[in-house]
Amino acid sequence: MQFFGGSEISPSPPAPTVSGNNANMMYVFNRNGICLLYREWNRPLRTLNPQQDHKLMFGLLFSLKSLTAKMDPTIAEKGNLGVPQLPGQGCSFHSFHTNTYKLSFMETPSGIKLILVTHPRTGDLRESLKYIYNLYVEYVVKNPLYSPGTPIRSEIFNTSLDQYVRSIA
Amino acid sequence: MEDYPEEMRSPPVSLVAVAGCPELHQAISAHLHSLQPPINTLALPDLSKISLLIAPNPKDDQSSNPDPVASSGSAGILKRDWLLKHRTKIPAVVAAFFSSDCVSGDPAQWLQLCSDLDNLKAVIRARNIILVLVVVHSHSKDDITEDRMLALRKRAEIDSKLGSIFAELANTYYRDEGRRIKTRIEKKSFSSIELHVRYCFKVAVYAEFRRDWVEAIRFYEDAYHTVREMIGTSTRLPAIQRLVEIKTVAEQVHFKISTLLLHGGKIVEAITWFRQHNASYRKLTGAPEAIFLHWEWMSRQFLVFAELLETSSAAIQSISSLIAGTTERSLTEWEFRPANYYQLAAHYLKEKRSSLEITVSISETLNESDSSADSVVPSVYVGQFARLIEQGDAFLMHPLTDDEYIHYAIAEGKRFQDSFEIIALLKRSYESFSNLEVQRMGALCGFQMAREYYVVGDFTNAKQLFDGVANLYRQEGWVTLLWEVLGYLRECSRKQDQMKNFIEYSLELAALPVLSDIGVQCSRIECGPAGPASIEQKELIHREVFGFIGGELGLTSVTTSTDLKVTGDNQLYLEIDLVSPLRVVLLASVAFHEQIIKPGSSTSITLSLLSHLPLTFEVDQLEVQFNQSACNFIVVNSQRALLDTANDDQWSHRVETAPSLSLSNRWLRLTYDIKPDQSGKLECISVIAKMGPHFTICCRAESPASMGDLPLWKFEDRVDAYPTKDPALAFTGQKATQVEEPDPQVDLNLGASGPAFVGESFVIPVTVASRGHAVHFGELKINLVDVRGDGLFSPRETEPISLDSHHVQLLGMSGPEGEDESNQGVDKIKKIQDSFGLVSVPFLNCGESWSCKLEIKWHRPKPVMLYVSLGYSPDSHDSTAQKVNIHKSLQIEGKTAILISHHFMLPFRQDPLLPSIIKPVPDSDQVATLPLNETSILIVSAKNCSDVPLHLISISVEAEDDNIRKSCSVQNSGDHLDPALLVPGEEFKRVFSVVPKTNVSRLNLGNACIRWRRDSGTEEQSGLAASLVLTKERIPHVNLELSPVVVSLECPPYAILGDPFTYYIKFHNQTQLLQELKLSLADAQSFVMSGSHDDTIYVLPKSEQILGYKLVPLASGMQQLPRFTVTSVRYSAAFQPSSGESTLFVFPSKPHFNTVDVEGKRIESLAAE
Amino acid sequence: MGREVSESCVDSLLTELVSTYSTRFYANKPDLAAHSIEAIGYQVGLQLSERYTMDRPRFSDHLEAIKFICKDFWSELFKKQIDNLKTNHRGTFVLQDSRFRWLSRVSIDPSENGDVSEDNPAGVAENKASLVTKMHLNFPCGIIRGALSNLGIPCAVSADISNLPACSFVVRIKV
Amino acid sequence: MIVCVAVVGHQNNPLYIESFTDADDALKLHHIVHCSLDVVDEQVNNPKKSGPTLNETFLGLLYPTENYKVYGYFTNTKVKFILVTTDLDVRDTDVRNFFRRFHAAYVDAVSNPFHVPGKKITSKTFEKG
Amino acid sequence: MAPAGPRSGDAIFASAERVNAELFTLTYGAIVRQLLTDLEEVEEVNKQLDQMGYNIGIRLVDEFLAKSNVSRCIDFKETAEVIAKVGFKMFLGVTASVTNWDADGTCCSIVLEDNPLVDFVELPDTCQGLYYCNVLSGVIRGALEMVSMKTEVTWARDMLRGDDAFELQVKLLKQVPEEYPYKDDE
């Protein structure tokens, strides 16, 4: 599939698996654990302050990754639990879901982590995350005003993101 | 062109001969010459002479009968004298004149005549010249006068006929001749190619005689081509001479052709023709030893053509249009410029010179035999030479061998100074180029000229030219060319031992950015004195120059073998400014780090130096100069132990030392602190570099921000860098900075009070109070500026009140109170003008203060801005020191305090009939009209429109001159009034009775004058504050009129209810005429009255008529009397007393009080309303 | 020679160029940064104009040259022409590109104010953004100026971004 | 053959001048080139005279000297190319082509970021004997 | 489930938005020259170019990953290959080759025969010692660092200095694993 004539978004986003607005929130972290983006669509109650929330989410992923890697039956030698890894090293998980929500996760070799929390019954969102990653490249990385590693503040990006997420869910 | 014989240069003119009757010749020849086309005349006293003239020469006869002897034909191409002969010796027509008496004379004469004719015919026939016989009748010699007349007449008619006859006869002759030869050409009946050429030439010439240019050109061209053919074929002469002959002929023919073409205005053809000519002969250099002949010949071709072109191109229209005309663009406009050809002529002449030199050098051995060259002369044929050998009395021409010829040619060649010839040529082209503003080609010529001058050792001329050229090359950055020129210049100045120039040129040379690869090329060039333009050469020059600078080397001058050096007694000092070509040698940029600095505080300054000399060099010391010399300082190169130099000003300037001052093509950047103590502009003027004891370069400082680019060429051996490390400074840096002035420690106060009134001289106290600063050389500047911008005075001011045209005026200023200003103030006032003042302030110590008063007078109500500025210097020692300035300004309103108004009233209950009023003339202006000799009343009122109480001193009416005062009496009723106090808004009236006496149509009463002063409280102190002010207002003039009838009404001052009184109407006729008046009396409801209401009265001249009516008041109080209207029949004008006049007060019962008093008051009050 | 490279090469180069000059070298001297960036643009414009005017007849007047900039020159650079050209006939021209490529991705979120690291009110953020954008525009301005002056038209060029991503360049010809 | 080519800046300053003769007349050629600028000025200033088509870059024959022909070319960027050749019958088209190639070479040369107006390396212009 | 393999550089280049190389080349050239005038010292210029490259690399890597569809860069060897084959192609439109690996596979050379950066460029004598293309080394360094490979990139050959090709020596110093950025204790 081909991406992005200039900044036009040409490709058709992968069809949402289930219809109905079921995207809750989205996180983007960079390799240093800085939360570049937090965006929520429906999240009824908020218990923690943003910082804690982000930290919690990052921690969850971090440990989950090492856990999954640790549990990997296919690989012979495994580092000790909690030993840091390279991004994309070892196996990694794409998503998990609880009875109330589903968390889809994607990590690029450059350590960008995309987390999309949706309704538990949402289908496979990997392509969607890829797509969002491309949005990120087009509108964030290529925005002359954006300095890498800083929180994303791009109107175009947010709008197109919302638009897209709405279309999945 | 001049070296061509005349007959070549001008078109031939027909020639006829006249013989006999010599007394007529003069007239005839004159006449013939005046013909159009003219005819030249050959005058022979008698027929016999003609045979001498045209000696029938058998050898010369091949024109008449085809000559069997081919040798003569092939001896040469053209005879040298042939053309000349036909123009001067061989007439087309011979006219033999016989006077009738010798025809009808004695047989002896007759026989004589016949014989003459015979041998004349014999002579002529040989050349089939046409013979004309003219018999001149002249009558018996008695009666002279008549004979004269006849003679004249006859002569005249003869002449007139002759003219035409001769002309056509001559034509026929030339035509026939031409035709005869032409036929030969056509049927190729000639033995040799030479003859072919010759025939063509002749035909052409004959055609020219006939002014048949087309044919002429045709045959010349034919001749030309044939000649060209001969080159391969002919074998007649030895090779060199052969070529010479051919070329010479070709040259002549070509000359003919181009002349004809150009005179025919066929420029383009001419040029193309010349091009071919040039092309076909340029390569024919001939034998090497004779090659210089070729170059000479070439040069001549160009020269001649250039001259032809020049003479004719005056006639032709603009070149550009010509070019537009040419279809094929191969012909560029430069080929139309004579300059072009001069240049080339010069070029070939140079070739000639050099080749000649070579030949000479080779053939030095032969020199001794040069004498043999003397006897060589041009032979009978064009372009041939022969040795003249003397045998007894006869000369005979002996042909030359080529060697002999060469000798001869060389000998000839040596005789000429080619250089000057070349210069002359170049000059011509140079001038015409510069006339056309074709600068670059001009420059080239200039350069070549200069080089010639240089060669012949004329350095002044050379230098001047070179300089001119150098400028162009500098300006356009043609390095290699510039290099060459500079090389010469350098040598010139060396030869003229001008050390300074020499150094300058050398430095510039050394700094030139020669591109290495061009350098390589130039090594191939036979390069000028500059040597090859290469890096090595630059370095060589560099070293040499610094040798001179250091004083080691000396300039071995040509004139005095003593070599002059840069030494103590002749110092060397170079200036480099913004336009100097030496900027590349040394460039100084200076930047202050701050644009504005406080006095006494220090700032840093960066000076950056750059040089493009090939080698880096050390400077012994730098001196930096500012406009404030106190700031100057010196930077000493620590590596160079400074010699005795500059010790003289050590003490005055501060001296910095730099580890090293080596200049190269990288910026040398030095930063120093600088601490100006004077305020104002601080600018770096120049940086002076000292190298060696006796050499200094003064380099004008430049701001990096506005640093002009170096000359066009770039030095690509360095990336261009900024003069200062800090780019910000590089873009904005300035060589000048502003030092703020110390903030003033003195107060300047303007004590202003309230608005000023027009007319009064308003006083503004100014106080200078020092706190901290002493005031030296204090100066107050005072300026009045109109707030609304429209000027303070109007030049075209008319009304007499302000005779000077100023609206607001600075009257003067008075010194501090206490001392009286009359003497004290005046000498302090330096200058007081109407709107500007300059006042000096005395010395004040700290804490002291000084004050003065400004007097300003308003003539017009308008607001004014008063600017007062104090300039002083806080320290005593020099008055020139930077001054401190304080500025104050104050806006003052100028108001009118008193408003004057006036109006006239007629006397009480008395109405003059004034026709002009009653039925006004349409165009009458609205001026009041007063009855003559009657008493009218003028009321002047003054209103205080200011907001302060004013004292009214007097109100008066002042006539402007006495005769007015005579013409009418104006006096104020009642006596002088004591000063009245007018509170704001209050109005004060004064009554004047006016009695015009003399009868003038309009009367000028003068001005209403009001004297007043501000009410300065109770206590009157002596200040000017309460000075009297006079306010005038002009009373517009009034018309006077004598009223024919005056009607006045008389009744008691008052009436009492119920009791009757009489009421008179008095008619006074002031005219010499009987006046009929109609009176109609209206009823008044408050009175009962007796008598007729309408009446017609006749009043006798100068008499008075009175009507009386009894009235009984019916009501009390102020009552309206019965109004009456009087109509004058004569003037058909009616009039009526004002209602005010016809009222009367009715008392209910008889009052008791002083009537007079009452009356007075009543009048007052009545008058007042 | 028709050679091409990915657009992001140029984009990232420019982005980096600007940030280098305006934040690393002359962080506190914006005018200096602007000057250098403009100078770079100038050289590029100079060279490009040399290249793109090859084998075409000489321009007879200023307007022709400006038109050239609007049409051929612009489409060489951006594959589109200038959308709107205005002039006052007294040496001032306004070239408007309704969708200027180099600004197409410029965007900040006005709603979101500040962030964790340095929290600055939206206003500040915004005008900071517009400053950076202006800094970017020095480059195209330089290009235009370079091109024109190489065509013998000395001029001053400024840019106006009242409504992104439209952008208009104002050319004032020096007389 | 071509004896000299030159590039002249808009201030009539030589940017590049190269002569291909081993004869020692480089200086002379410089002079010729310099003088030819007069003709260029003339033609450009009143274009009615200049080449067949108005404002064409190719100016055609500027002027013939004794042994040379001088051709001119005037770019849009006010840069002048001068060509001096010895062969006296050259077809305009050849000259045009030469100039076109030369122009291309020139453009590449000035595209060198380090190019300082002045020196230039158009080695590939030796073609066309 | 397995991530689609890397897309070919040509495909990406073909599909990507492209611009005239001249613009790019000249712009870069102008930048270098301006740096030279502003910084004067060649060494300093090299440094800055590398720094710029590094910053560009940091940004560019994401575009590279997103478009090339590369999902993991663990192995240095294959990463280098991808960069050479895909990276150079998709951005500069030229292909590079990876050669002379050292024994332990931590050092290799990326060789470019063709390089749009240096069209028209000729180094003046004064700029010897300038690594004109230093930006490239910076980019690679930056990009690799983003995929957690600390490298050292140096020039082995430079056509501007008369060599027959451009050769970048890439030496892997270490691979930095991802750290947990927060202190464990709150």
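Going in written order, the chains are labelled A, B, C, D and E, and every chain counts its residues from 1.
Simple rule for what comes next: a contact is a pair of C-beta atoms (placed from the backbone, for glycine too) under 8 Å apart; a residue touches a chain by one contact, two chains touch by 3 or more.
Predicted model only: the values in this text are computed from it and were never measured.
The chains in contact with chain C as well as with chain D are B, E. Chain centres here are C-alpha means, and the one lying farthest from chain C is B.
Greatest Cα centroid separation from chain E: this falls to B. Compared on C-beta pairs in contact, A-E and A-C come out with A-E as the pair having more. Once the centre of each chain is set as its mean CA position, chain A and chain C turn out to be 36 Å apart. Averaged Cα coordinates give chain B a centre that lies 40 Å from the centre of chain D.
For this pair, chain C with chain E, the centres built from the Cα atoms lie 27 Å apart.
Between the CA-based centres of chain D and chain E the separation comes to 42 Å, rounded to the whole angstrom. Contacts with at least two other chains are made by residues 716, 719-720, 727 of chain B. Residue positions of chain A touching 2 or more other chains, listed in rising order: 6, 34, 142.
Chain D has residues 111, 113-114, 116 in contact with two or more other chains. Every residue of chain B that touches chain D in the complex is listed here, in rising order: 282, 320, 323-324, 329-330, 332-335, 344, 347, 438-441, 443-444, 447, 476-481, 484, 513, 515, 517-518, 521-522, 524-527, 712-716, 719-720.
Note for the complex: chain D touches chain E at residues 108-109, 111-116, 121. Residues 43, 46-47, 49-51, 53-60, 150-152 of chain C are the ones that touch chain D when the two sit in their complex.
Chain C contributes residues 7-8, 11-12, 14-15, 18-19, 101, 104-112, 115-117, 125, 129, 132-133, 136 to its touches with chain A in the complex.
Those residues of chain E that touch chain A in the shared complex are 15, 17, 55, 58-59, 61-63, 65-67, 70-74, 146-148, 175-182.
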